[in-house]
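Labels run A, B, C, D, E, F, G and H following the written order; every chain starts at residue 1.
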Amino acid sequence: MTEGPSSPILPPMEGSAGRTGDWRTLKPVVDPELCIRCNICWKFCPDNAIYRADREKDQAISYDYEYCKGCGICAEECPKEAITMVLEGD
Amino acid sequence: MIEIIQISRGGSGGVTGAKILADAAMHEDKFGYSQAIPKYGSERRGAAVEAYVRFDNKPIRLHSPVYDADHALVLDESLIDRIDFEKVSKDGVVIVNCTKIPEQFKGSGRKIALVDATRISQELGLVLSGFTLVNMTMLGAFAKGTEIVSIENLVKAIQEFWGEKRAPKNVEAAKRAFEETKVVIA
Amino acid sequence: MKVTQKDLLNIPKKALLKGHFACAGCGSALAFRHAIGSVADKVILVVPASCASVYQGGGKGASFNVPTINTAFAASDAVASGVQRAMKMKGKEDVKVVVWGGDGSGADIGIATEIGACDRQENILHVMYSNNVYGNTGGQRSGDTMIGAITATTPQGNTTPRKMVPFILMANNARYVATATVAYMEDLVTKFKKAISMEGFKFMQIDSPCPPNWRSDSADSIKIARLAVQTGIWPLFEWDRDTGQAIISRPSQKYVDKENRLPITDWSSLQGRTKSMTKEQLQNLEFDTDRQWSFLKKFL
Amino acid sequence: MTKLVVQFDKKSMTGNDAAAYAALYAKPKVIAVYPITPQTTIIEKLSQYVDEGKLDAEFVIVESEHSALAACMGAAWSGVRTFTATSSQGLLYMAENVFWSGYGRLPIVMPVVNRCLAPGWSIYQDLQDSMAFRDAGWIQIYTKNNQEVFDTVLQGFRIAEDKKIALPFMPCLDGFVISHTTAQVNLPNAEDSFNFVGEYSDPVIEVDTENPWIFGGLVGPEKFNKDRKDLMEAMERAKKKIVNMNKEFGEYFGRTYGNGLVEVYGDDVADLTIVSMGTIAEETQDAVDLLKEEGLSVNELRIRTFRPFPEKDIAEFAKKNNKFLVIDRSVSFGHDGQLRIETEAVLKRNNIDTPVEGRIMGLGGEDVPYTKITATAKEVLKE
Amino acid sequence: MKVTQKDLLNIPKKALLKGHFACAGCGSALAFRHAIGSVADKVILVVPASCASVYQGGGKGASFNVPTINTAFAASDAVASGVQRAMKMKGKEDVKVVVWGGDGSGADIGIATEIGACDRQENILHVMYSNNVYGNTGGQRSGDTMIGAITATTPQGNTTPRKMVPFILMANNARYVATATVAYMEDLVTKFKKAISMEGFKFMQIDSPCPPNWRSDSADSIKIARLAVQTGIWPLFEWDRDTGQAIISRPSQKYVDKENRLPITDWSSLQGRTKSMTKEQLQNLEFDTDRQWSFLKKFL
Amino acid sequence: MTKLVVQFDKKSMTGNDAAAYAALYAKPKVIAVYPITPQTTIIEKLSQYVDEGKLDAEFVIVESEHSALAACMGAAWSGVRTFTATSSQGLLYMAENVFWSGYGRLPIVMPVVNRCLAPGWSIYQDLQDSMAFRDAGWIQIYTKNNQEVFDTVLQGFRIAEDKKIALPFMPCLDGFVISHTTAQVNLPNAEDSFNFVGEYSDPVIEVDTENPWIFGGLVGPEKFNKDRKDLMEAMERAKKKIVNMNKEFGEYFGRTYGNGLVEVYGDDVADLTIVSMGTIAEETQDAVDLLKEEGLSVNELRIRTFRPFPEKDIAEFAKKNNKFLVIDRSVSFGHDGQLRIETEAVLKRNNIDTPVEGRIMGLGGEDVPYTKITATAKEVLKE
Amino acid sequence: MTEGPSSPILPPMEGSAGRTGDWRTLKPVVDPELCIRCNICWKFCPDNAIYRADREKDQAISYDYEYCKGCGICAEECPKEAITMVLEGD
Amino acid sequence: MIEIIQISRGGSGGVTGAKILADAAMHEDKFGYSQAIPKYGSERRGAAVEAYVRFDNKPIRLHSPVYDADHALVLDESLIDRIDFEKVSKDGVVIVNCTKIPEQFKGSGRKIALVDATRISQELGLVLSGFTLVNMTMLGAFAKGTEIVSIENLVKAIQEFWGEKRAPKNVEAAKRAFEETKVVIA
């Protein structure tokens, strides 16, 4: 479609809304000790901002703070209360 | 004409704040006319939102955003860089929600009005679904910092907007900010 | 064919790229991430005016990692029909055409288009994510708004029962109809994959929490959605034209029996839009919930 | 109408609030609504008024704009005052009924909050939406600020409901820059406002169970042409009505907008006349002042009423002036800006030599600050 | 409340004046004559584009002896809502507002408007007289066209099942839904009078033979309509929201049991549009008829 | 394009048949239809072709015009050739998508069988319907007879599908007097016709599962204006394309229509030039001959292409001529006939003194025989 | 609505489509002897072109030939075959 | 140019007849161009329908109904009064579906072509849902009465229109009418 008309066409792109991590007031922090690597938090993150836990490598989840909006769902849904929401910047 | 640019985060009440600031200026004898223009876009909670306010002593016929502001209101310190301060008057005041002079302004010679609006608002319970409503608080700081609207007219505007039931807390926030705001030269 | 959490973990595609424009805690975006992500490629999306036309991105780039056509509010099922027919003519029958739209288009302005596509048995899947309001315009009442919920146009609470689009399409002979919720993601994706594999007009309605319009804490999105199932407000089921039978989905089975349901207030108290509902409003909501169940039971 | 010393309350409010106030004060009996940005806050306000019991009206929350206008049409045919509002795609979606209301002579008042048309998606202002309906038999007035929105909506009911006019009325207000911008409005009280509008007691049309007539049925070419001719004539009568209404409104409330059809700003004669509508026209007033300060001779002719099109007023002003610069905030693709085209046409028709330049500006919410207007004016003056 | 032939004879009003524009043998005009005639006054009609916009008259005078508002094709239920609301504000709540429209508006282009009015529980009665085609434009397929029927846009016979609008509105919580036919006029008028006496959104669908488009002998109009009942193709029933129950009307009761139904060919052979149906088409029509009955039976 | 000695079959057929033939020969892949008088026979014919296997296309019988055009839009986005047709209320009902197709640059071909707009109900011809969409970014050509309908629909696909144009195409034909009137059409055979149109192999736009792009999403003012500017330029390019297409068509099939944009009939210079469109323009040719016989100097300028509007061609012709009489078969209520307005505008813009008279005729199917045209011409000549 | 706008408004009128009896090719004729005054024919006439039979006055139905379109329904539905369709003019 | 007005009843095939007559004229060397305009309205079975036909030796550019006809075709005797014969040329032919000179024409000196088209059509089974299709039959009468289209070209046009299967009966109707038509001076 190289010579086509000028009309609104967009390619996929990470961060199309910018660094959405900026939107956060509260920040999720995981306690790797408490985390049982169940990935429920990962499943429910609307922003895909959680790096999966890996049971085999015994790795807890971690965050992509660049994009995590701090909604708090992960903390709410974690069965082990392994995630705490802390004030951004604190 | 006085022109003000405001930056805030969606959810912190910036748009309402700009409107009430315009209301307050209307009550000022020296103005009588004002305007508040929110810049609409995807106004998601947490995303940056600009708003523009104008005061004048005659009807304002401009409909454009403020390009060259006299004063700047920054409701969230992290948003400072979203404003092009080249275009904000060096003689004006920058009102920022923080406790010490932000890095960006150090040595600029600018008049900075500092206030810990987040704390004040939180202490007063001005929190909605996790977001701290710093808008009224920052207006108190604006009144103090710029001295172009009186705290009386500001309070009047706040009362008119929020009505009997919800006004007191908001008035309190503005008043406390008015007292606590420190004006410094950076 | 049942999707497990493992399957979700091995999601074949990042359908929704990070850094998108949905509000924090958006159920619709979450549903999109898993549902569209579950079908690696050969999908074309058709999106009517809605929050999805916003959180898909704009400016320089898009968060949707799937080809997407935006349409006028009431046009999507017809545009999708045109796309599907064109694909057929191009010999690309393997391409799946999915409408991803809200309850405003799905239940109100676009319902004639939708019923029309269903009537023609177009080979498309319409996913109606429902936040029960016109989210994109700031939260006005939609046909899918619950009784008693406060919206921008019903400041004292909505007074009319929900327009049950799934039932309407069952009555209209759709190939497959299902309800789902982000709270039970495996169930949702199972249904989505099932739907997309069938020929004909398929429809799914997804309970999609919306913090700003529900005036709820964004952290509670999943909790509220789960409670909608547990209180019986949001029955999960599938209906297949071939059998003419509805099946209550696992998460809802316990709540077929009204005795087992949690009180509606467990759900309503978490949301600003419903927490001040009067007794009468609560009764009406219960009544409307019962109506839905009784309709549904006829098809069990 | 008795003249009153009307009390005003100076309030700051958005343009949409101003529209909602005017509607509230006119007491329509049936309001049908469907949301679209940037019109939404009008209908949200009205829903509050109704909910709070401030307004006794049937509030119909419909499933589309097509039905919003249709419901108003049903009410209008039943002889009650009726109101709705829309914008952009919403206006397009109700297109069939827009024409139906115009040609059916139904005195509905429907503010259009101007927004551009998709695709791409954009919620910002230009005049493409309402301009597309300039054939539809609606009176269209383009307002310049919040105050004029209130005043125009109020006037609208009386203009539309005049039996000799019997045309639907579309006050247009720029999205966001009016609709969502707070500014001062001198608000008369509810009673004075309603007194000005008056009760809609002698409907232009009214379905009636005692008289089983048929409305809007089959017609042959003869009757068809008779009706259309009357519609054309009603538009002519509407010009007079708008002028009178402007005057009467002035007597009553102390404010007028030019002669109601057009508004001149600055000197009566100048080297260059800027012709435009909506907020650009108000912003132009600052530009005119500035240019004058710089020693340039520029004035403004604001077209307030676009339908009926004020041919005479434009022609007369052009006759005295030296050059027109028409700023359009919309385009008829494949030709030019609509205001430019029609302005040129009336100058031609009246044998007026004044040359006309045209510029299209501000599409899709593009900002048109006075600096841009002054720059353009200078450019054109130099030519 | 049951209307007898005697009641019909004492018809309170000549609603349809003689010398009108309907074709000879028109079922729609016949239904109008009795239904609208049965409610002496205080009725306002709203008529979308259809044959009824033609046979109402034009030129110097009208055959409709009731106040009538003509509307755009898709607008009638919303216009009717506006009329009803206005009457309410005028304190004339006794005025009954009736939409009299075809299957084109009722099942296709106007269905969103109709469902919207139903959702809002507008106090109106929508009568959809169905000739199964777009009669006014010369007989193209509508959503209500029977499988196998030849129309101007389906020269080999329609392939899609009927859009069962009554079921759609049952699913959408209408106050009252009924089917009727000109062949059983007492039943039709009984239902009409019942509907009009209720509050809320009521809907009736009437089988209305159409000689030019059915390519049938005008003399056979009633016979064909009767056969539609006897072959089971046109089930007569009522559904009331208050009970949630459907009741099979007397003339159809015998045919609930498929055994008792006459062969479909008895019906199809009388009409040019159906008489050459293939075996497969006949089977499909039978299948679609069964689907309707089985849907219906769930509500008995 | 190789030149061929094309064989014709002279056939008598209605204008709608001619449109259906052209569509058949162009082999669209998706056809979506919704009936409305007087368009119906076009879609009925196509349904037969598809049913009989003469045309391999998806035939989508939708539930409204809004969906008819929407389905075509989906197909156009998918990169296949697509066709529909409508009229009057149907065009209004699809309004949102009409604009969407234009601004979205979707090369759909959609004949509009011109019919007046309700209320009252009337199925007869005038140009009110398509004229109402002159802002929508569609190319509009108004045909004068059955032959031109066939030729124009055929040309339409190539014009619309040119990547440099990428605009939807609306051939307009007067209801009944063309659509249902039998007359002769020189019908080329299917193969030659298809050869002329060519395969739609390099779509202007194409959704693609390999490239997950987004079509028609959110835009800011900058991008918005860029797209609209390109649309304006595409309209300019379309003028050239239409001229070339007319020429090429002439080489191929031996018929042209003026220069494609306008057509002059009679002498190059005359005392009075009648300017009109559609069948009135053809009937005018008889009037011109008759007036000439009576010793009066009258010629005709038929506007074939209304969008893009042939400014230059009209201006040039006006420059040479003495007086214009514009006959409009539609009105922009509250101003004047649209063709008159735009003609006056371009004359003004080009500083041409030729006076312009206007007459509105033939609304709602009112008959406009050449006798009426001659009488009007004489009246205007006398003034 | 006397001074209202010029818009299409029509009063009720018999014969709005003209003398629709002209449309007829076949004409229904009743045999009063066979007629049992059941009025079924009256009920099914879409054109309201039958004058009711009166059992008390022992009167058979009769026709309003000015408007009867000759559809033949009455003849078809008469339980007694008391109505015959004859060629118009015969 | 030759102009013809036709009146028929909806259902009797008048519109198709006018079209085929135009087709036949196209085949005539002396014409080559023709036009058939049905006047649309509420074309109900049995209701009167007008149609206009023009023949010419050059393309026809008129689009209006025929106001002053050369010939008139009356498919149903009862419709005679619907035509304003003041405007029909006295030199033309009136073709009527009946057996004897209608009252209206008696003494008019007009050339009348009489044919019992209804009978012929019925004998040939040209009946559709109760309506006798007299259109083709009347074209035969037209050919005979006016002698401006030949029966050959008429048959050709009928065959083209109806196709192999349905043509024979229709051709037969035209031919029989051509033979049976009597031209008289009234």
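We take it that a contact is a pair of C-beta atoms (placed from the backbone, for glycine too) under 8 Å apart; a residue touches a chain by one contact, two chains touch by 3 or more.
Source: prediction; values computed, not measured.
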Touching both chain A and chain F (chains): C, D
Higher-contact pair (C-beta pairs counted), E-G versus C-F: C-F
Computed distance of Cα centres, chain H from chain E, in Å: 40
Where chain B and chain F are represented by their mean Cα positions, the distance between them in whole Å: 57
Separation of chain B from chain D, taking each centre as the mean of its C-alpha atoms, in whole Å: 34
Between chain D and chain F, centroid-to-centroid distance (C-alpha), Å: 32
Multi-partner residues of chain H (at least 2 other chains): 42, 44-47, 130
For chain D, residues contacting two or more additional chains: 37, 61, 63-64, 89, 93, 96, 100, 103-104, 118-121, 124, 212-220, 223, 227, 231, 367
Residues within chain E bordering two or more other chains: 21-24, 53-54, 57-59, 62, 64-65, 70, 72-74, 108-109, 111-113, 115-116, 119-120, 143, 211, 217-219
Interchain contacts (touch definition) - all pairs: A-B, A-C, A-D, A-F, B-C, B-D, C-D, C-E, C-F, D-E, D-F, D-G, E-F, E-G, E-H, F-G, F-H, G-H
Residue numbers on chain H that touch chain G, as the complex places them: 9-10, 42, 44-48, 78, 130-132
Chain C to chain F touching residues, read off their complex: 41-44, 46, 53-54, 56-59, 62, 64-90, 92, 95, 112-113, 115-116, 119-120
Residue ranges of chain E touching chain C (in the complex, touch as defined): 74, 108-113, 115-116, 119-121, 143, 160-161, 163-164, 167-168, 170-173, 244, 291, 294-295, 298-299
Chain F - residues contacting chain H, complex: 10, 12, 14, 37-38, 123-124, 145, 174, 176-178, 180-184, 279-280, 282-283, 285-286, 367-370
Complex contact set, residues of chain A against chain B: 17-18, 20, 22-26, 69-70, 72
